[in-house]
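What follows is a set of structures for review.
Look for subunit A in each of the two complexes below; its partner is subunit B in the first and subunit C in the second.
Right, the complex of A and B next:
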């Protein structure tokens, strides 16, 4: 009986996995159909994309895929790049490094000339090693780790790199005169958090802001922040800089509220998501600043048009990763135009030409003004901050 | 004033450690095993309380009572299924099983509740005291936690000293074979120990998540390890030792964060532990038991 049960369970598990496979295959087949349809014409630019459209990080990848599609359609309707249409093919990697490399190989077989991806840092680090060897130009909308660009001259980022966020946060606070006395709480066991913190600390000194308290926690003790908050309060910090993820930030806000401590809270992109923590009292996040390159409610025409197109075609409000991806297509376009390339060029020629061309591009997009790139692949753009009001992001000038 | 605030925060954190440490120390004292799944029973307890309060909308106290019942049943079930067949096996086998149960519970919780954190609504609605013109603020959570810890401790000491099942527990703890010869049902006694320990875990879960309001399937593991440390610190197997160890660990942790460095707090806590164990290997209140060959 036991054996029977076990075999039944195994059979059902295997059948289930078969169905999962089917779903994926159907999806990527659809994507391919679309791509071949577009590619059926004459010579085209073949731009590939990789990101998770299934699995835990699916909302990031799906957003990026949809946004690139919108931008590609716009560019094609407008006459393409240097007179050639774009064919776009997006592959799922489930945010897994190995699957990402497989997806990259699929795209290479398809004839990809330029890669816009991948979406997540871990997978992107693996793929950028491949594109570096194959000399394929790569620009990632959202992989913020410096590992992606370090040592890979062909890899560029549209989002701020992790340490860069610290610098721009300090600039933002100083330039807008948010506060003079600053307290910091950071996760000393996390490279993202300590990287942001170190650059933030250096930049605040350069900007003449005073850091009155620097407190840390580790992944082993990330539930009790009362002591760190008390020390910041006693030191008279008017603004608390919180360079870590929304899970811990939700606790910090709750505990600060319990002890009647209400400084200005300022976070970086890790705070994006705090409003969707289940059962979290959103009113506690009222007035929290966070550095995100994109606010869907922004009044400018470009954002409005992008958001309405996105809602119309795919439903839902696009997130910052989608906006980065949308910008990415136009950045590639601008770089190709300034390098005066045609799709006849080999991948290597395109890659070398774009590496130098992108460094002279100055682009105003949804996710920042005056975007420029250095040889290391990092972007420089004016930071945008949003403040949480009535449970929603509102952009601040 | 700052010092008093830190001290009270330390007592509150220490009280949670102490309640969790009780679960470790009782099971160790009686079954001579380290139940590493204890931290995860706390997490399950917190989820049950959370679901009771936020989804079903029942008040805090009945929600905790339901959670105690669920955890007690869960604790007895784990003991029956995973540990009881290994009663005669080596300590190492039981230890590995306990780690296995711990991962099992975490993954079950991941399946049932997902990995996204939920924000726990405090079971204590009272805002707390504001003394010395607002200089000293004691949260309701801290007061309730400290008082619950003391009540639980007194009840448990009385239970172990003055009741029949309590005496059976002490007998099993001292010499299992002799207790069997005296007509004590060892299996039932061990089962009872797990039931009490797991019931306390439900209370600990609700208190832990009220003070530190983020609940994920991994919530129990770190406090579990800290509480285990507290149990060793105070002398594993000793109930007053768990209280003393828990409170000291909480206070040292908070004061180290406040006055030395928040970066080094954990290192300091464990350095103190090492020093104590070097001086007194059985922990502060631990008894030296001679191994009989």
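Right, the complex of A and C next:
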């Protein structure tokens, strides 16, 4: 018995010493007044990011991470925010809610003051409950579900929220008389897709449009859409509403073409990027409507500089989430400047100051002009409907 | 202690270690010495340990492979979260959590029971196939369920939110693929540790009980057990239902620790089922404390490797392979035996030292 007790005591002593190490590291990172002091003794803004950089949704997370890095480098080269440099730390969450909370806790240990994330809606909902409790200011580039912002006064979105997109799409179709019979294909396992779909369906009822077919698929079965297309075709849908991402949309367009079905295709912001899908016949996308706040081939100087920097440093063309994330850094910068904050403030002070400051910000960026935020955390910027003509976006409004 | 059998001694020392760790970690958390990452991981680690203990009962003592324990976890999680959400404002916190714990456990047990009835009558690897399918079906069914609540009561649909026909002020409890949002956060580390110890005691007593010995006899030689006159199906059903129920408890803890509960391949699909099987195999089939250790190590590992950024998952996989080989490859076991690197040998050295110190 004595031996057992002694060995237990020794084991606990060992584990304790193990964890004390972690504790010390955490402590130095936690007392955020001193924590922001770098080795050089300078204060910095600590901005954290969370998103999937591994797993199925890795392309979105990686894009956001790269874009924030570009913006942070630009701001730092320009003298930082209120004279203080930005330190940026991005953590992987594999698009999973629990892993996202782990990533958030890691960032908290690092001494994060402001969170730009997370990328996916489901994970973001879990994290915004945490930031709300800890009073850390959060702005998400791409999590569009209303669950993210509902009841959390510290969470703000840069992308359109799901209701906004669904409603605007239905309004546009009704007001312009594009079609009377509508077919819908959506991803029932995806929060973004089903969120947009629900709001679209609600608004079509109000506008008197007729939905003749509603077909769902899941993330496990997104390589063949012939069944769904055939049902929409049989139901006589004149317009197909596609509230999902461009990778699947490319398959839908190809398969619709193979079965000689040519309705009007109408997508939301997830369709942005369809012109750069590999092995996709771009001519099939002719006449496709989509909502996008950002076009990588836009003529203005800011977009061109961002896209060329992105291509140069990371390769590939940035999508709208990357652009939203890039804007996010400048939005944070503008809000901090208007609140006249310094990194010496505690997380709570920063959070409270930014909540009121961001509501007075009027920001012009890559993804929209005159962007403003309401107390609910939603952005007000007009979704631009564009139609694809001759392989390029043409504004239709 | 001397007149106790070996397995009871082992159980007591495992519980001792857990209690000591619990006290150390709670003190550190109370004094603010624990990093946020670790304190955030305390409850999930216990939840996964519970599921691993449950699966070990099935794999180690029943001798049947189950690839659907994440599915039972999912059933427990959603059943309890649903209950908590619906009665959020009508039942006070503590009784509500106790009830939802019971409900989650019972639902997982019920599903385990229903699946086991047809499958466990067969001999062979059928259980693995059926449970794999079960896990996937549960995940996909939950993704199309919509349940709303308003003054008239509950509304149910498997199509979409609109066909619920709710009153304008109604709240959506289960929102299809968007899952359950806003479950009250009630899983605490204390509770998780108590449940884990309870599960260890129950499984230990079960496998050493009359029923447990019958289950082991069936595992070792079904024909012999049948000849003796044991009701095979009954014993198999009991063992599998308990196994599923423990997984359900893990699910309840998981659900009440996170604000947004979504059924995805990552957290409740076959990925997770196989991950739990990895905990069991790495910790040693039939070794409950081993399952707990493996679950703790493998849950913490990817988080503690965050410093490696991009190479994190790559290193994690390599470490996993290395651990597996270190524990179970015959040639490495032989090498460890020769050089006194086995757990028993290290413990023996430890004991010798101790006796010297004591004397």
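Simple rule for what comes next: the second predicted complex is superposed on the first by the 230 of 397 C-alpha atoms of A that agree within 3 Å, B and C clash if a C-alpha of one lies under 4 Å from a C-alpha of the other, contacts with A are read in each partner's own complex, and residues count from 1 in each chain.
FYI, a contact is a pair of C-beta atoms (placed from the backbone, for glycine too) under 8 Å apart; a residue touches a chain by one contact, two chains touch by 3 or more.
Since the model is a prediction, treat every value here as computed from it, not as a measurement.
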Touching partner for A:215 - first (subunit B), second (subunit C), both, neither: first
Residue contacts with subunit A in the superposition, subunit B compared against subunit C: C
Touched partner set for A:197, first subunit B, second subunit C, both or neither: second
Partner chain in contact with A:53 - subunit B first, subunit C second, else both or neither: second
First, second, both or neither for A:324, with subunit B first and subunit C second: neither
Partner chain(s) touched by A:231 [first = subunit B, second = subunit C, both, neither]: first
Partner chain in contact with A:223 - subunit B first, subunit C second, else both or neither: first
Touched partner set for A:254, first subunit B, second subunit C, both or neither: first
Subunit B versus subunit C as contact partner of A:281, first or second or both or neither: first
Set intersection of subunit A contacts, subunit C complex versus subunit B complex: 188, 216, 218, 220
Contacting residues of subunit C [partner subunit A, same complex]: 1, 13, 16-17, 20-21, 23-25, 28, 32-41, 44, 136, 140, 143-144, 159-162, 176-179, 181-182, 185, 254, 258-262, 264-267, 303, 306, 309-310, 312-313, 347, 350-351, 354-355, 357-358
Subunit A residues touching subunit B - in the complex, by the definition given at the top: 56, 188, 215-218, 220-221, 223-224, 226-228, 230-231, 234, 247-248, 250-251, 254-255, 258-260, 277-281
Interface residues, subunit B side, partner subunit A - complex: 2, 5-6, 9, 13, 50, 54, 115-121, 128, 134, 137, 139, 141, 208, 211-214, 216, 219, 222-223, 253-254, 257-258, 262-263, 265-266
Complex interface listing, subunit A residues touching subunit C: 1-4, 6-9, 11-12, 15-16, 19-20, 22-27, 30, 53-55, 91-92, 94-99, 101-106, 108-109, 121-123, 125-126, 128-130, 145, 147, 151, 187-191, 193-195, 197-198, 201-202, 205, 214, 216, 218-220
